[in-house]
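Heads up, there are several structures right after this.
One chain, chain A, links the two complexes that follow: it is found with chain B in the first and with chain C in the second.
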Partner chain A sequence: MRTSKLAQTTAALVLVACACAIIAFGFSYRGPLDRPNPYLSRATTDTGATNLVAGIYLDYRLYDSLFELLVFSVAVLGVRFYLGTTRQSPNTKAIPESQAVRASADLLFSPILLIGVYLILFGHLSPGGGFSGGAVAGTGLLLCAVALGAETVARRFHSTQLELFEWGALFVVLLLVLIPLIFGLSPFTDLLPRGAPGELLSGGTLLIYNVLIGIKVFVGTWVVISTFIRHRGEI
Partner chain B sequence: MTATALLLLLPPIAIFALASRRRLTAVMSMGLLSLILAAVYLLARAPDVAITEAAIGAALVTLIYLLAIRRSGRLSVVCSEVPQLFFREGKRFDGLEHEILAGFAHELGLDLVVSILPHSELREALGRGEAEIAAGGIIPGEQSRSVLCTTGFLPTAVFRITGEGHIPHSHSDVLDYMSDTLDAIRSRRLASCDLDLARFIPVSRLDLTGYTVQRLEGREASYSFLVASDRPDLRDRLTTHIESLKESGELERMIARYLR
Partner chain C sequence: MEMINGVTVAVVLFGIGLLGLIIRRDLVIKLLALGLVDSSVTLALVSLDARQDALTPIWQGAGLAYVDPLPHALVLAAIVINFALLALALVFVMLLVERYHTTDSHRIAHEIGRETEE
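After this line comes the complex of A and B, so read on.
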């Protein structure tokens, strides 16, 4: 008992030390500075996005992001598939939460959702984007689950319609990626006008991708959590 | 400079999260870790990563952990109050059984949540899934299928007190609350009653003229805990815990502290 505990502690400490070393190394790394990065000068005119990060992962590297989205979908699918075979747990009694938690959840839910939507819509102009915006909005829903009891929130949100949204978003993304084939162009080509950089309606398809990815991540987060709740009683 | 200072804060917080026995403390320090990491990302001029780290690491994961530990982070116990074994002192609980269970909960890294119930309702409460463990001077009689029973931790004896001149055979077990039992004996209302040792000691200090007291022979009994029938794992761990207390002599010291 005691030796295994010692081994566990040692392993944990070694892991923490390794992680610290990697982080420290990452922050000291400055990259090759001898030649200027071509993306820095070209990205805004190429993609129309003032947030270069969004320009890179939704335009130059859209192929990578598409598979990232597919990985997320497979994860959601896996949770639903493997938990779907287990029996649905009987209604467990919700644990009442303190008044302070409920009040702060009421107060914070709308601002959090709003910040999520802002991050999604302005992802091509300022830091943010579909992935982080969707996660922020999902957090708002989870906060409600903590305050009101997950069962109540699960009942209020109709899962079947939400699932439709989730797969619909993925379908539209795949469609958008393949549409250029009709015009004889290679897939992943951005057909929409770039617009004036800095305006909301600019950056070609970036805004559409951000919205779709945001919906996908928001719904996916909730589907995973509510599936756990429905089939295991709690997470 | 600030980034380096914040980075240096991370390992101590991580070690604290790993080392803390209470789950809520561990979850909260994990959230703090993510929040500081997000600040570091921001200072390193990576606001996109900082936003994602704050949303997922500090908020989403912390909330999922909170939802997960709200049920599994507690060890819920129902008990009836018994002098020396499990009693309330102000807002706190004390007693031999409480000390055993508190140590057990600490070993599992759980918070002990106690609710008081009448003695006769303990088994039903376990059956309804309202609690995982029942305590409070329980002598497991005939093995019922609805609850599990741990090993005994303290041998006891059963005393029967019978009031003379009362209706015979209207035999009741221990009344629901200890204070009711004492009141009933004081006002000579109690016809007959079986009391275990812990309950008998305060009764024996009363004026028992008019009652006959008899130690029931052939009922070798010892106190133990009841565990909900769907938690055989918990029963085994509690039994192991009691056995290890016996082996180390700690149980002997506890009994001496509370009962002598």
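After this line comes the complex of A and C, so read on.
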């Protein structure tokens, strides 16, 4: 028994070493660095976004982002569905928190929400975007849940309205993607005009997608957190 | 090129994560190792084109050197899918724990084998 365990560990080590060697070998090749990069030279004029990353994932590769959003939705749905089959934790009473936690939550909640909204709205101009902004705002709600107790926070948000928001955002994204079909264009075509790069309305539909993704991620993170709290006890 | 850069650190982290995924028996620690593997992938993709003399890919005018923005856009998808994967996997671990009262993968496999025999 002892030797077989040693043999297993050795086999695992050899396997991992081989995998790492293959990956390191794959990364060791680099193409010529000074080759012209089409994204760098054209992205801002094509998409109107000064944040080139946002320009890529919300314009050139919107197809990827759409399915990313669908994977996220399926995960949130899966958490809600599978945890719904288990019994709820009896210990959902709020644990009394210290005054410091309450005070810092009161102080920090609005700035965190504001930063989240800023990251969402200016996602195509500066670092940020729907995913990160939504996650930041969701973290603000988590802070509130730590300070006030999750039940109190959950009571303030009506869960049916939240669900409506969540699935409504996804529905609008799917609709926006398909609208160009009416005009005989291929889906994922951006119809809105481009403004001067650097202005808030310069990115065409990028701003709309960022806001919708932000809503979706914000509600999704809160649903995951509150479902875990409801079934595994108070944080 | 320096030996210690983002890619080599990422390969080492990947190795540690994969090793933990294989030899540890606790399901929660397996999930932590999976998270480490995913973070190493993120680090490798971000540091692919990291250079001291290049700017972050926020457009400030033509003629300047920028880092390639494509890996960053891919990393975004990787992060979101990692979150989704971990949340769902944790739920399944919770279901298993509720039924078998252990996070030990060997014991869970043993219990399931005994159940199917009966």
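Simple rule for what comes next: the second predicted complex is superposed on the first by the 192 of 235 C-alpha atoms of A that agree within 3 Å, B and C clash if a C-alpha of one lies under 4 Å from a C-alpha of the other, contacts with A are read in each partner's own complex, and residues count from 1 in each chain.
One rule holds in what follows: contacts are C-beta pairs under 8 Å (C-beta built on N, C-alpha and C of every residue); 3 or more make two chains touch, one makes a residue touch a chain.
These figures come from a predicted structure and were not determined experimentally.
In the superposed model, A:Y39 lies in contact with chain C only, and not with chain B.
When the two complexes are overlaid, the chain among chain B and chain C that reaches more residues of chain A is C. Within the superposed three-chain model, A:A12 lies in touch with chain B and with chain C [touch as defined at top]. Judged by the touch definition given at the top, the superposed model places A:G138 against chain B, while chain C stays out of reach.
Of the two partner chains, chain C is the only one touched by A:G78; chain B is not.
In the superposed model, A:A150 lies in contact with chain B only, and not with chain C.
Touch criterion met: A:L119 reaches chain B, while chain C stays clear of it. Judged by the touch definition given at the top, the superposed model places A:T50 against chain C, while chain B stays out of reach. Once the two complexes are laid over each other on the shared chain, residue contacts for A:G128 go to chain B alone; chain C is not touched. Of the two partner chains placed around the shared chain by superposition, chain C is the only one that A:P197 touches, whereas chain B remains out of contact.
Note: residues 9, 12-13, 16-17, 19-20, 23-24, 27, 51, 53, 127, 129, 131 of chain A belong to the chain B contact set and to the chain C contact set alike, using the contact criterion stated above. Note for the complex: chain C touches chain A at residues 7-8, 11-12, 14-15, 18-19, 22-23, 44, 48, 51, 56-60, 62, 66, 68-70, 72-73, 76-77, 79-81, 83-85, 87-88, 90-92, 94-95, 98.
By the touch criterion given at the top, residues 3, 7, 10-11, 14-15, 18, 40, 44, 47-48, 50-52, 55-56, 59-60, 63-64, 66-68, 70-72 of chain B touch chain A in their complex. On chain A, the positions that touch chain B within their shared complex are 9, 12-13, 16-17, 19-20, 23-24, 27, 51, 53-54, 92, 95, 119, 127-129, 131-132, 135-136, 138-139, 142-143, 145-146, 150, 221, 225, 233-235. By the touch criterion given at the top, residues 8-9, 12-13, 15-17, 19-20, 23-24, 27, 33, 37, 39-41, 43-44, 49-53, 55-57, 61, 64-65, 68, 71-72, 74-76, 78-79, 82-83, 85-86, 126-127, 129, 131, 197, 224, 228, 231-232 of chain A touch chain C in their complex.
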